[in-house]
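You will see subunit A twice below: alongside subunit B first, and alongside subunit C after that.
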Partner chain A sequence: MIRLNKARLKATMKAYLFLAPFLVVFIGLIVYPIGLGVRLSLYGQRGARMWYVGLDNYKRILSDSMFWESFRIPLFLLLIQVPLMLLLATIIALFYETRKNGGPLYRFIYYLPYTIPGIVSGIVWSYIFSDSMSPLLPFLELFGRTGVKFLTRSNVPGILLIIILWQFTGYTAFLVYSALIAIPKEYSEAAQLDGAGLWQIALRIKLPLLKGPLFTLFIFNAIGAMQVFNEPWMLGNLVVLPLNYTPAMYIYNSAFSQGRFTYAAAMGIILAVITCGFSWYILRSAGRQILERRH
Partner chain B sequence: MRLNKRFYVVITIVLVLLAAYFIFPFYWLAIGTTKNVSQLFQKSLLPGRPSHLRSNMSGVFSYQNGVFLSWMLNSFLYATVGAFVGVFIAALAGYAFRRYDFIGKRLLFVLIIAFAMVPGFATTLPLFMMFRDLSLIDTRLAVLLPSFVNIFGVYMMVSYWNQIEEEVFDAASIDGANDLIAFWKIGLPNVIPGFITLFLMAFVSIWNNFFLPLVVVNSRARMPLILGITTITDPQGFPVYNLTLTASFFTILPLLILFVSLQRYFKPQIYMR
Partner chain C sequence: MKKSFAALFLVVLLSVSAFAADYYPEYTGRPTTITMWAWTSNENYSIEEFQKVYPDITVVWEDFGVHYEKAQTALAAGSGLPDVLMVEYSFAPEYMDLGAFQPINKWLDEETFIALYGEEALGWCSMDGQIYGTPQDSGAIALFYRQDLFDQYGLEVPRTWEEFAEQARKFKAAAPDLEFNAPPLGYALWWVGLVWQSGGKMFDYSDGNWYIDFTNPIAEKVFEFWGELIDEGTINVTMWWNADWYNSLNMGTTATVLNGCWFAEWLRYNAPDSEGMWRVIAPPNFDPSNPHNGMLGGSGFYVTAHSKNPEAAAIFVNWLNSHPDSLRCLNQYSNLPIMVSKRYEEVVHELAVDDAFFGGQNIVEELWHAHNLINTTFVGLPIWSNLDNALSLLLQDYVDGKIERFADILPMWEERVIGFMEEFGYPNVIIGELPQD
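Our next item is the complex of A and B:
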């Protein structure tokens, strides 16, 4: 028994030697900053002067309509863009299956936008919709519609939808397709023998088996939607958008244009709590899966 | 799978239309690099004639005494060093989880994954305060350091290491190899494909990371491309569309080359930070 413990102690020492570099950067650059963020959020601030105020910042945020209004865009993305994208991606993945080898060329082309940073897609798409450069305007003029303005503030959510769908649909379709081909062929073959049509196989057999992956994708995209920043930030160069257009923009602007760091830190904590709520499910299953092999 | 002919044709049309949507901005960006501002304002879908590609390129590279080249070098520095160090540290950590049954293993793993769920936004602002106190603001280290933490890398590394049979390590210890040598000589070569995949993913995500440098870097000489290109203006502060487009094109070109040439290493998976 004692010897066993000795071995375990030795293994523990060795393990922490290998873990040391990671633990140093992890604690220094993730754990400590989060702790610092929590501490800052409890302070009032004017210029360089700071003083403890307890939960005052949080109380003020609860009644700060600017903060809650900033969730309009994330909610729009969560309720419209994400479901639309998952639907499109599933249809595309089913279409891939009708091609030889899953249509590698289509998969490649559809995936490409995902490799492009949000800032560059923001630049290119905002130019494509701009009054001065839009290649779409000559087409509208063909149909006698002159003086159309795409880039107005009320159109920005629609344009965001087009940009974000462009960026992530191909990637998502790729993931759904990977889940599809993991489904044993026998399932659909058996159904076919029973006389099931293509639609029936897709709806009754494949879709139910995609539930898990689709749900995980929904969660990840929900997290992304809560944090959207780059695309509206770039569009903001061509259309005037309010400081609080998205939560992340409001946090950034509060800290760096208005200098309200502690207030911004508190908003950051609230946003983090909201996103962590979404990821709770994934956290649970991820931890379980990966360590099981060793026990 | 069998399909009737008409249905097959309909699917093809849909797939081609979607391909047009996905490819169009790339096309427009590419032809945009051949146009000067007045050609851009003509809104044509054809390349600029005469082509201004050369003058746009020299415009980009000579902009502000060649600051574009510094952006490019910075991006390569941040992405290469950050990705390599981050993945290497993750490989070491993953190895510990694979090889040893140590005290606090489960708790530590769950803690690490839990912190991975905290969004970057919540850490970047306190990081800014912390770096300010350490006088690291506006240094290259401020961009590099955060990329050394690759939690997703640890998570993936554990599963890569898990795929290696126990016997491989047993054989090594019978040969009298100590743990470090076993890691270096026997372990690491076995996870090289996973290492490369993680390196590429980290490379791309650092190359594309806008928010961190936006917060921690002020002087243009230390900006990465992704931040630099958003600051291109004429001396009066107005945007210069043709230069911004050309600079954007050269920002994504390395990514496209990487992706096309190393496609087999880009295994899309459900991505955690």
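Our next item is the complex of A and C:
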């Protein structure tokens, strides 16, 4: 008995030894700051003065309509952009597979937008949608349309959609493609022998096998949608956006332009809990079905 | 004759040296190093001059892109602010109210402050009798206009707002695709500044109370004036500070801009193709026999609560912003046209030269004149970023057609600002009146 425990202990220690490089960074840069954030969120603050208020910040956030209204854009992205991007990425990935070696040139080109920092591409996009300098204007003039204003507040969600799709679809397609080539060739060969066409193979064989990876990608992108910041932040130079346009923008503005750090910390914790809860719920309900069916 | 000249010279000389001794106390502490966060360009020239006079004080100047973010963080953390922090006058009350600064009356009393910077500047650098810093550049409002467009369309430079409206309508009729003037979509400083420019204010602070009254006669007059021109489509509000806006200034699609005098340098660097086209003049008034002016922007240098050597910091901010040797550097290297200090008078005429970018106009003289028209002051509200965003949203609502009458924005803006004062926990707010000076 004792020897067994010792062996187990040794194995556990070994495991932790290998985990150590990750754990040190993870605890130091993720867990510890979250702990600090939780503590900070329990204080009231004005300038350098801080005092303990318990859960007051959380209570105020529950009735802070500005916080809850800020979820409109993430919800829009979650319901429109994420599904649309996964669909496009899957189509592109299936197209890669029809090319020799997966069409390295196409993969390279589609991947490129992802390598450009969001803020840099944001500046370029802001010129593309500029009122006076947009390169799209000459084309619109061909169709007799002049004085078109792209950047109005009501167009911003659509523009966000375009920018985010442009930036992340190629990258996502790349991930879907890697999942696709992991599917054993025998499956499609067998289907081909049975007389299935390319489309049938794609829809009936490959797509069901891609459910797992697509599902993971959905969760990652849903988290990204909840935290969207760079793109609307940059567009804020061109069109007036409220301080609470997205949750992350509201948190940032509360902390750094209004100096309400403890309130911002509490909102950050709530956003994290919502994101975790959402991922957990999806993983539990839909996820279980999909993953079980696979095995 | 000669004798009296010599005597006068002697008196001037004596008084200057006597002043100098009074204004700038000797540093009594040990050799020290102080830090400063500021975004003015080339501040190092003034610092070099300062260190010649005060060899025991070393000043380390740092400039960050995220100035206010870093300052807010250090303030909340309770440590980490530099000894000297540059803050715009509009944001200064918030920092004063939050306890970010410490009083320097011990080294710069009120009498000296008024002698050096004028009574108006007290409103931007002090609260409840405590002086926290000194004002650097002026944001005196000026009208920048395109001489080429004025010539081409036979326009006259407006002296009154009535004439301004006339020229705007005339221009719109002749050139419907161009803009006579495009007020900012948002940028509360501009709208508050124009009320100030007409001798009014919308809020103030006095004896422990914040006063809010947006719907006073002067503020209403200003909003009605612009509202009429905007509602009828003669002029349009537009987003400022972005590529489209600079492009319109560079290409000559906007004929006039009302802005703080520091904007002269912004034009020079952001609209280089318009060299020689622009001219500057003090802004129009409702009553030209009783002219006023107000400010739009400008910044002060404040001694922070975290400074371990407030004496050195106080001596430095005072010398930096009032000594002629420093003011000269600020004009020549830091590109600030007008400094607030009264002592700028001693060097301004030597610095004012013909400016090729402005078609050979001596803009410093004109802007100095515009600056000297400022004769009222007030303290801004300590929730400036919210005040600013609230106006931006309302103006965007107007542009989107959700608000029909432009002037209706004023009471709506007031309502939101009152809401923010409540939300941020200010119980001492008096609504519907302003303190009597």
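In this section, the second predicted complex is superposed on the first by the 247 of 295 C-alpha atoms of A that agree within 3 Å, B and C clash if a C-alpha of one lies under 4 Å from a C-alpha of the other, contacts with A are read in each partner's own complex, and residues count from 1 in each chain.
Here is the rule we go by: a contact is a pair of C-beta atoms (placed from the backbone, for glycine too) under 8 Å apart; a residue touches a chain by one contact, two chains touch by 3 or more.
Nothing here was measured: the structure is a model prediction, and the numbers come from that model.
Asker: Of the partners subunit B and subunit C, which touch A:P135 in the superposed model: first, second, both, neither?
Answerer: first
Asker: Now for A:S126: first (subunit B), second (subunit C), both, or neither, which partner does it touch?
Answerer: In the superposed model, A:S126 contacts subunit C only, not subunit B.
Asker: Figure out whether A:T152 sits in contact with subunit B (first) or subunit C (second), or with both, or with neither.
Answerer: A:T152 sits against subunit C, while subunit B stays out of touch.
Asker: For A:N237, select first, second, both or neither according to whether it touches subunit B, subunit C, the two together, or no partner.
Answerer: The answer is both, since A:N237 touches subunit B and subunit C.
Asker: A:R46 in the overlay: touching subunit B, subunit C, both, or neither? Say first, second, both or neither.
Answerer: A:R46: touches subunit C, not subunit B.
Asker: Once chain A of both complexes is superposed, is A:I34 in touch with subunit B (first), subunit C (second), both, or neither?
Answerer: In the superposition, A:I34 touches subunit B alone.
Asker: Once chain A of both complexes is superposed, is A:F256 in touch with subunit B (first), subunit C (second), both, or neither?
Answerer: Both partners, subunit B and subunit C.
Asker: In the superposed arrangement, does subunit B or subunit C reach more residues of subunit A?
Answerer: Residues of subunit A touched, subunit B against subunit C: more for B.
Asker: Both subunit B and subunit C contact which residues of subunit A?
Answerer: In the superposed arrangement, which is not itself an observed complex, subunit A uses residues 127, 132-133, 237, 255-256, 261 for both subunit B and subunit C.
Asker: For the complex, give me every residue of subunit B touching subunit A.
Answerer: Going through subunit B, the ones touching subunit A are 1, 3, 7-8, 11, 14-15, 18-19, 21-23, 25-26, 28-29, 32, 40-41, 43-45, 89-90, 92-93, 95-106, 108-110, 112-115, 117-123, 125-130, 145-146, 148-149, 151, 154-155, 158-159, 162, 179, 183, 204, 207-208, 210-211, 214-215, 226, 229-230, 239, 241, 244-245, 248, 251-252, 255-256, 259, 263, 268-272.
Asker: Where on subunit A is subunit B touching in the complex?
Answerer: Residues of subunit A touching subunit B: 8-9, 11-12, 14-16, 18-19, 21-23, 25-26, 29-34, 36-37, 40, 92, 95, 97-99, 103, 106, 108-121, 123-125, 127-128, 132-135, 137-138, 166, 170-171, 174-175, 178, 188, 198, 213, 216-217, 220, 223, 226-227, 229-230, 233-234, 237, 248, 251-252, 255-256, 261, 264-265, 268-269, 271-272, 275-276, 279, 282-283, 286-287, 290-291, 293-294.
Asker: Mind pulling up the subunit A residues that touch subunit C in the complex?
Answerer: 45-50, 126-127, 130-133, 152-154, 237-240, 242-243, 253, 255-259, 261
Asker: Would you pull the subunit C residues touching subunit A in the complex into a rising list?
Answerer: Listed in rising order, the residues are 66, 68-69, 72-73, 75-78, 94, 97-100, 185-186, 239, 241-244, 247-248, 251, 253, 305, 383, 385-386, 389, 392-393, 395-396, 399-400, 424-425.
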